[in-house]
Amino acid sequence: MALHPMQASNVDRGLLLQRYQYVRDFSMQLVEPLSAEDCQIQSMPDTSPTKWHLAHVTWFFETFILVEFLQGYQRLNEEFHYLYNSYYNGAGKQYARPKRGMVTRPSLAQIMEYRLYVDKYMEIILADENHPQAEKIAFLAEIGTHHEQQHQELLLTDIKHGLSKNAINAVYLPRKPEMRVNAPALEWVNFAEGIYEIGHDTLKADAGYAFDNEGPRHKIWLNNFQLASRTVTNEEYLAFMEDGGYQNHDLWLSEGWYFLAHNKRKHPAYWQKRDGAWYQYTLAGWLPLNLAEPVTHINFYEAQAYALWAGARLPTEAEWEVAADDFKAEDVPTLGRYHPNVAQESQGQANSKLLQMIGEVWEWTLSSYAPYPNFAPLEGVVGEYNGKFMCNQYVLRGGSCVTPAQHIRITYRNFFPTAIDWQFTGIRLARNV
Amino acid sequence: MALHPMQASNVDRGLLLQRYQYVRDFSMQLVEPLSAEDCQIQSMPDTSPTKWHLAHVTWFFETFILVEFLQGYQRLNEEFHYLYNSYYNGAGKQYARPKRGMVTRPSLAQIMEYRLYVDKYMEIILADENHPQAEKIAFLAEIGTHHEQQHQELLLTDIKHGLSKNAINAVYLPRKPEMRVNAPALEWVNFAEGIYEIGHDTLKADAGYAFDNEGPRHKIWLNNFQLASRTVTNEEYLAFMEDGGYQNHDLWLSEGWYFLAHNKRKHPAYWQKRDGAWYQYTLAGWLPLNLAEPVTHINFYEAQAYALWAGARLPTEAEWEVAADDFKAEDVPTLGRYHPNVAQESQGQANSKLLQMIGEVWEWTLSSYAPYPNFAPLEGVVGEYNGKFMCNQYVLRGGSCVTPAQHIRITYRNFFPTAIDWQFTGIRLARNV
Amino acid sequence: MALHPMQASNVDRGLLLQRYQYVRDFSMQLVEPLSAEDCQIQSMPDTSPTKWHLAHVTWFFETFILVEFLQGYQRLNEEFHYLYNSYYNGAGKQYARPKRGMVTRPSLAQIMEYRLYVDKYMEIILADENHPQAEKIAFLAEIGTHHEQQHQELLLTDIKHGLSKNAINAVYLPRKPEMRVNAPALEWVNFAEGIYEIGHDTLKADAGYAFDNEGPRHKIWLNNFQLASRTVTNEEYLAFMEDGGYQNHDLWLSEGWYFLAHNKRKHPAYWQKRDGAWYQYTLAGWLPLNLAEPVTHINFYEAQAYALWAGARLPTEAEWEVAADDFKAEDVPTLGRYHPNVAQESQGQANSKLLQMIGEVWEWTLSSYAPYPNFAPLEGVVGEYNGKFMCNQYVLRGGSCVTPAQHIRITYRNFFPTAIDWQFTGIRLARNV
Amino acid sequence: MALHPMQASNVDRGLLLQRYQYVRDFSMQLVEPLSAEDCQIQSMPDTSPTKWHLAHVTWFFETFILVEFLQGYQRLNEEFHYLYNSYYNGAGKQYARPKRGMVTRPSLAQIMEYRLYVDKYMEIILADENHPQAEKIAFLAEIGTHHEQQHQELLLTDIKHGLSKNAINAVYLPRKPEMRVNAPALEWVNFAEGIYEIGHDTLKADAGYAFDNEGPRHKIWLNNFQLASRTVTNEEYLAFMEDGGYQNHDLWLSEGWYFLAHNKRKHPAYWQKRDGAWYQYTLAGWLPLNLAEPVTHINFYEAQAYALWAGARLPTEAEWEVAADDFKAEDVPTLGRYHPNVAQESQGQANSKLLQMIGEVWEWTLSSYAPYPNFAPLEGVVGEYNGKFMCNQYVLRGGSCVTPAQHIRITYRNFFPTAIDWQFTGIRLARNV
């Protein structure tokens, strides 16, 4: 949500307006295939309506930039302030989260107007280089674009959840069939014990943007370990299931075993068996399960149980970050597939045998989400975000097939509770040596 | 839901098509003021989306008439059969009721097509007087129109509930202000003890349509009793509140007292106090409370407690029906007000001092919903409806301001659980002598 | 809970002390087979610990008689007033009902002391014929003994529920095996239509004691009907089960069908199938099911579904009372069996073919519990009981094998919610003619 | 629950029988002040009845030692195997945990017999030095005694919770009044950055007993940090409350803020304000709050919020263990106080300014409970315990006033979910430098 003040100077002011327009426009593209009704629903308390995402990210720019710094700015509608605040207690009262799906008014059309209204004024203020607070505005505007990119991912995962509730096979976008049916063999890559550094280095000149929870950069000690060369495939996960994985309590955390019983869970989310064959709900509708693709929509309990069954464990977030160190921006796959790809040799990052580290599935780690040593949240209301959730959530790394490419970086710490499975989550194994 | 076989001959075959078109068209008028998003939501498990009502009543004609009796008829979409069945277990599997709000596909536009498609074939089959099953078709078609009228009322009460969830003041239709601010004084009307007959007489030639639960006509014994000349007003109900009605456990049924505590209820549904003045949510949005109007959106517990406080009781359904005996069809107010009116002297039925018996608020009775002596449900799937609910529900009489006029009759037995308040319910007092 | 003031004169003052001692002593006998731990537990919110029953009935005498009328009387322990009040809001604050099982102090031994303490003073006040309020004291003392008899039945049904939760076969009292394995054939007994009177006649000189809800005596109209000569047997109920009764939605009330699904209910409470044979939990522990015994621990939904399957219905409470009119006190079976008996020809009441009307199982009626015409609750705090529950409960008639004999009468209106099954409930069929 | 195989040799075989008898006898002493009824109840699903604790620890010895290794041994009662298994899935079916309070049979007296029965045979097998499996038996017996000591602590915290539910002031054991009303000033103790080792060293000859989760000993990197010299007092915590701590959302984790709202929490568990003065429920009953005592029965959310308010944070478990390194066994306070003491200068461990590190309150750490690098659970059923809970729980360190002295060690990792507060938990602050 927030970055450290000293980073503001990193923002290239000339490029910011361009970035703003790019990000705003991308949200519009994402909504293209949806009807007003699709955009209305909230299929569980954890998700939000598409409409709400579109309005909330706009409210962010309005509230933290326009209202604060654009003289004479009038909110388009005072009630939107109440409706589209999310968890920023400091920014005022909030509409109850689980009831977002009940807000039929304003309509989708009105929210589109709201976006245009705010864009108009944002373009004015971003173009005003002589604004006495130009630096602070730039700083907040960059946060706002990263914030909107976060919501672009959520918009896709939430609408996937919503559309999946239709009895009819609901397609977000059709998808070209995946031709590859074999993943490369899983290999183990070695890493040596020692003192390493992880986290975002806010003091480095070209460090780029990062949220507050990614820093400060700090030392850690790692023992020898190994990381799997790619993520676990549907085929491998099926072998676990067919070996009685969901019936064997020895493999499960106590909470996970209870989760299985309570939810009668016997396979990953979005899977369904019809006449003996497995199908998977995707943003392209129900499709036969491709065995070579990465297993996804796995919760933490399932990831742990699978790892134990496979004689391995999940990596810590420090291990993952140390291993991903040679990742380059150009390695990020383009968004638009909306589903993780089959691994391929050529896909790897330079100087590494590790495939699929980036932009396929969020990889569960063994690390509970906690502050880094000497972590300090960003000051003010925009700093409310990350620190408040450092409890009973686990860190996921690497970005997924629905994460906007520019929003992926190796220090990025995503986090979710153990039971969630509507994100594009997956498994990379680690081992002691 | 159903009428007795011997009644089929009562249906005037020439008028049936006309009635069908009238009822179908009226549903379209009701939806006019709503957006696709308004029609999508389900604000609690007890209510249904507008979209669902529109499709379900259409499914009824398709399933029980077209599929059965129109040779070569093809359902427009097989999946609608699953989506728009409600409680007819005999008619196949059902989509889970509390998830109706998640069905974004088919869209509202597709449901409108579905209506036109079914209307086209219904008009063909109703016009075919030589159909070997013409009598049965007419019989079922009449049921279908009554069924759709029931859902027209629910459509209005459900959308009222849904729109009320908007933080913004959501208006279904603006309403001319009620000018009258005084209700006539409450008087007590006497009825003498004796044997009476109540219920719908299916054997009478001109008895007209009725659901199965309204008959057979049968004898009952009544003691002397009195009925109030009009329903309880907001002013009277406020006096009860201001006298500590909601705080005095002596007035409440044990279940009602628990309901108050559990729901933190301190006033009727849809009421809100702002700066010392009471407002009420109506289909015309939030309006200042008119003290002379009938109190409405009252549950059974509130009705009972008020009656006890007022030194009276609720009437039984037999008392109500005996008293309403001289009601005439022309006394029914026209739909379109969507809110109960202030009582007026001239409004009464011929030969009676009783005002507001019809078409204002559903009047709670003391009578638990139970079969009449020798009651027999209609045979087949269409008979599933009424009998199944004869348990833990209470009878309401008289129709409300959102009941289609032709759907009101004095033998009509509406029924709801004791806690509901999203219907236009109200109170008429009775007394022992 | 209460009787009408004019009845006070009916109480034979000489016999009252004797009755008091008899009832109080009988409670002590009931507790004999139980340990302090058995007396501690509360196995669901609907039941109460044995300890609580013993103390609450004592608190009743203390609060309504000793504290009011015995000069200088000191409560044994002020805290008992808070702990052992039940629903008498007028008598002060109450300890939360579902937490009664947490009250380990006072101990059972202390409650026994409490009983002796109150008995000592009750015997003094009952012997004092010159007390200026002697009549009122006698009136309240008689209520108190009937109240304690009600709790004697609950004590037995509650402890049955509690002991059944033990994994070990827990026996309250061993029981001589029932030798009879055949019930007489079921016959239909005719009753003619007409005006009848039911209810307790408080004006009759020798009417005896009754609760307020049993009166006043009033006229009703009955159609022709038939009543089954005996209650439904386990064998008959098994035939219903084996015919798919629990799987056939056509037989069930909508609420009942939901109850089955929600509770995964497939047979009556306290039944269990082991190696193909049915067993039943009784106060004598787990025993093989005797097919000739009355089916018991049946809820209202099961009773309704069975009746529908059998081509019959449940009787109304008026039908039951009219039919039971020739019942005599000497027909009541002695308590001590703690389980309903197989019907036998000789068991019938004089002048009737009806068997088992009294003291075997509480017979569900079709009648929702409601006030009789001109019903008025007893004045004051002791009148709080019956009226408050006249909502969403159904009337049961006839008394059960755990109802104290002197507590049975044909005007007695027991009532329970539709889902309960831990009472000794059963089914008698009725039919239209 | 378990220790690594190589530790078995550490057990002094001569002392084991003595240890067994000491631990078993201590359980008996703990039950002395309780009635059979006190021992019966289970006041929430998280706690267990005293009776159950007494039986379960006995079942452990019977199941893992006597049944396995004592030829001809017969279980006293086969049903106990089902009733007193807890989470050992590998050891058979289990009785549902939340229903433990319903098991009235066996009685407390029978469980006492069970203990004597198992003790008799345990003494035989422990004395048999020639048993071919003597080493394994010794190994398991030592585990069993540590297991019973864990349950001794739980027995006390659970009975405190149970007795607190009595409306009457229920005293477990009266306690001498605490005379000291001042705690020493809080000071900050410095620790320097660097590589440290933590965890139990299973390879060291004299390492003593430890559970599997305490090892292996491993390197970690720590930054500079400071630790508070003593735990937070009631006085300090009250200052936080009076400063609006419970009303200031900025101080709370998102989950914590929800916890407050959902539970209407406004002060620590077991606190109550009466006439303006604070009281605290203790094992000696309700007592006025002593301001100098450590605040206790604090959950993780409260600990975090307090630390943030105080400008500090919670320590990690590694920081705590490094700081506690010079703790000596003789520093452990004697059990029998059942309540944390006021800090005193003289109480500190040699060579340290840190007071109250041991045996007062369990100190919440920032560390989510996770496996140490290269952790491997103990093989077999006894290894089921610790690993299964490594998820959504936080580590607590130091032992409390109800932890048996011999059961305290600095590598000991206690763990509980964030919301619990019925353990004797407290707060020690840490700071970055």
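Labels A, B, C and D are assigned to the chains in the order they are written; within every chain, residues are numbered from 1.
Criterion: a residue touches a chain if its C-beta (ideal position, glycine included) is under 8 Å from a C-beta of that chain, and two chains touch if they have at least 3 such contacts.
Keep in mind it's a predicted model, so treat the numbers as computed, not measured.
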Lowest number of touching-chain links that must be crossed from subunit A to subunit C: 2
Per Cα centroids, the chain farthest from subunit B: D
Approximate Å spacing (C-alpha centroids) for the pair subunit A, subunit B: 48
Approximate Å spacing (C-alpha centroids) for the pair subunit B, subunit C: 38
Centre-to-centre distance between subunit D and subunit B (centres being mean Cα positions), rounded to whole Å: 61
Contact graph of the chains (line, ring, star, complete, other): ring
Chain pairs that touch, as defined at the top of this document: A-B, A-D, B-C, C-D
In the complex with subunit B, residue positions of subunit C that touch it: 87, 89-90, 195, 218-221, 223, 249-250, 252-256, 300-301, 304, 313, 366-368, 370-371, 373-374, 384, 388-392, 418, 432
Subunit B partner contacts - residues on subunit A that touch it in the complex: 35-41, 43, 79, 82-83, 95, 99, 101-108, 162-163, 165-168, 170
